[in-house]
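Just so it is clear, A, B, C and D label the chains in written order, and each chain counts residues from 1 on its own.
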Amino acid sequence: MSAPLTVRAAGVSRVYDEEYALIDVDAEFTPGHVTALLGPNGAGKSTLMGLLSTLLRPSEGVIYFGETPAERLDAAARARIGYVGHKTMLYGPLTARENLQFFGQLYGQRDPTRVTSLLARVGLEGDADRPAAGFSRGMAQRLTLARALLPRPDLLLLDEPLTGLDREGVALALDMIRQAALEGAAVVLVSHDLSATATIADRVLILKRGRRRFEGAVQGDLVARYHQEVDG
Amino acid sequence: MKNKLYLAGLALLSVALFLAHWLVFVYVPTEPIMGVVQRIFYFHVPAAWLCYLGFIITFIGSVGYIWNRSPRADALALAGADIGLVFGWIVMLTGPLWARATWGVWWKWEPRLTSMALLVLIFAAYWVLRRYGGGTEGVRRFGAVLAIFGAPNIAFVHVAVKKWRGDHPGGVVGGGLDPDMRLAFFICLAVLQVLFIYLFIERYRVIRDEEAIGALRRRLSRLKGR
Amino acid sequence: MSAWLSVFWAILAKDLRVELRSKQTLAMMTLFGFVLTAILAYGLVSDPATNRVVYPGALWIALLFTGALGIGRTFAQEAAFDAFSALVLSPAPREAILLAKILGNLLLILMVMALVAPLIAVMLHLNFTGEEAGLVALHLLLSALGFVVVGTPLAVMATSARFAEVLLPLVVFPLVSPVLISGVKGVGVALGTTTGDDPWSWIQLTLAFDVVYGAGGLLLFSKMVSE
Amino acid sequence: MNLSLSALAALLMVSPALAGDLEEMRFRHLWISYGIIWLLVSAFTYATWRRAKANAEELAHLKAKMAELEASK
């Protein structure tokens, strides 16, 4: 694992057509912490995740990875980002193992046991050689989590990673996320499941209508805090 | 004051255009072989040049846009394509009218004609893309790549058709222009060039204004907190 | 360099494996090629001498249409679950991504044309000497290469536009017209139906096109894929 | 627009039959050419002018709204 990575959004706005999805957001994501990114629908959560992943560019403001602005990141720096988006980013005709092996090759992952151990970790060892197209949403979600964790990212962006997971799957996913943070990754988590989020988040960023409402350490009851900021 | 100057300029341009028509229809002698239809060339040939010029601007703007995503470069590219296409269609429509009355056929697969036709087709595709493809950033990028790919294509088409057909005998205008004809041609060229510049500035301004409107709307939505 | 190559091979192998497993694109292109062959054969079949004249034209029409179908489909698999985003986000060199995609598309088109080209010849009652067949194949290979070096990057771009499936051929066909002219005329010379100098000069022209557009695409690709 | 283009195309297609003699055709094609030129140029100018007018109105409207909003704050 390389040096810890602090990611900072400085006055970031993003426009789609004529609508601001995100307005002047400042935020900092620090190594070893799980930040819950909360907000009602249309608050700009996924847009912020897209910006942090570098797949989107800010219309105003800059995102810094350490000291480097996002648009000047090189390939090696991109390799430090792990991203789970709304779609699974998998290849349907390939098996679970082949999917992971392929992404491993892209990331220059040399360790052959890594894929097998990750598959076991997410509980897919029995389905490792079945095409991903046949997977239930929950299984695909486990696989996509494994895909994001495969290169041991220093910034882990999880946009609704718990979608379709059963209770056991949620517990497993939370455990893996916590583990990644313990190993030093900065984790950003977006989820509708507030109670699950509350169990692992130690920091919170609340957005409403594209603006930042609150950022800071979780103190007391996260759920109550959220309702106070958003509904109050 | 500024408005008056603008109007005076427009009046001058109108007078110049009138003069150009007078030259074409009254002043110049009739070409003995092709007859009156040769008079198409006083506007046809400058139109071909202006079509090229419009697309060159699109190419330059597209390179600029791909490089640093500057909205100004994109507006330049779009305005260039719009105007280039107007003159392109003029060339493509008046050319066959001349050809039918001179060669007896509407069209020949000759290097100059073929490359012009493909150039117009490529930038017509660019226009369709920009008009109907949706106004997203991805479409602007797509358009820019298309324009960048399209420009050098013309060299290839030209070489290919030249190899295929052999060089067409003589220039299209014909050598040894009568001095009156030459004078009329260059005056028409100059007048149309000015018309091009005027139309280009107007078009560019319209596109920039539309962007400014978008920016204002965004600022408004931002002030209102969406 | 070896890392570059291994990424290149990984993407190419992945694409081929995806294609061979689902067989969607290949099946569609091949079937489309057969339908096109039948239509061209009804529309064009005539006396043997005329058939020999129209053969290159028919062949290149088939190349363009099946090719357009193919490159449009290539990115459907990437777009289905947004895997292309993961590809762009990965440290994989952009040039390796593009080259792997180009080669994948080329192989797909060549597989289809290897069936379609002889089929059209049979339907038009044509016989070729070995040398003629070789020249046809060489022309076809280089033209297909020209088609994919132009079409592949544009197909990536087209995913962001509306009406992409109509726009893509609209945009690609005029751009590859030099390849079309050069291929048709070059094969005509090779088959002795078109007057002209040696068929190799046409091959040079296609090759120049392939090199210019291949290099241009590689130069621009990293600017194309990211916002 | 498309209809008139098709009509023009149809007229030109049959024009060899109609063309009494070459000289007449030359005159006709010359007039049609300059007609096309002016049709295209004026259509383009008009479209640009209309867009410019609409933009000017919209800009004024938005600026007024903006001033209003800023005054109220």
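Observations on the model:
By definition in this document, contacts are C-beta pairs under 8 Å (C-beta built on N, C-alpha and C of every residue); 3 or more make two chains touch, one makes a residue touch a chain.
The structure displayed is predicted, hence computed values, not measured ones.
Contact tally for B-C versus A-B: the pair with more C-beta pairs in contact is B-C. When each chain is reduced to the mean of its CA atoms, the one lying nearest the mean of all protein CA atoms is C. Remark: chain B and chain C have CA centroids separated by 32 Å (rounded to whole angstrom). Each chain gets a centre from the mean of its Cα atoms; for chain A and chain B, those two points are 49 Å apart. Centre-to-centre, using mean CA coordinates, chain A is 53 Å away from chain D. Averaging Cα coordinates per chain places chain B and chain D 15 Å apart. Residues of chain C found to touch two or more other chains are 227.
Within chain A, contacts with two or more other chains are made by no residue at all.
Contact with two or more other chains is made by residues 217 of chain B.
Interfaces, counted as pairs of touching chains, are A-B, A-C, B-C, B-D.
Across the complex, chain C is touched by residues 53-57, 75-76, 78-79, 81, 83, 85-94, 98, 102-103, 105-108, 131, 147 of chain A. Residue ranges on chain C touching chain A, taken from their complex, read 3, 6-7, 10-11, 14, 17-18, 21-22, 77, 80-83, 85-93, 226-227. Across the interface of their complex, chain B is touched by residues 13, 15, 17-20, 23, 209-211 of chain A.
Those residues of chain C lying in contact with chain B across their complex are 150, 153-154, 157-163, 167, 170-171, 174-175, 177-178, 181-182, 185, 196, 201-202, 205, 208-209, 212-213, 216, 220, 223-224, 227. Remark: chain B residues 21, 24, 34-37, 39-40, 43-44, 47, 82-83, 86, 89-90, 93-94, 97-98, 100-101, 106, 195, 199, 202-203, 205-206, 209-210, 212-213, 216-217, 219-220, 223-224 touch chain D in the complex.
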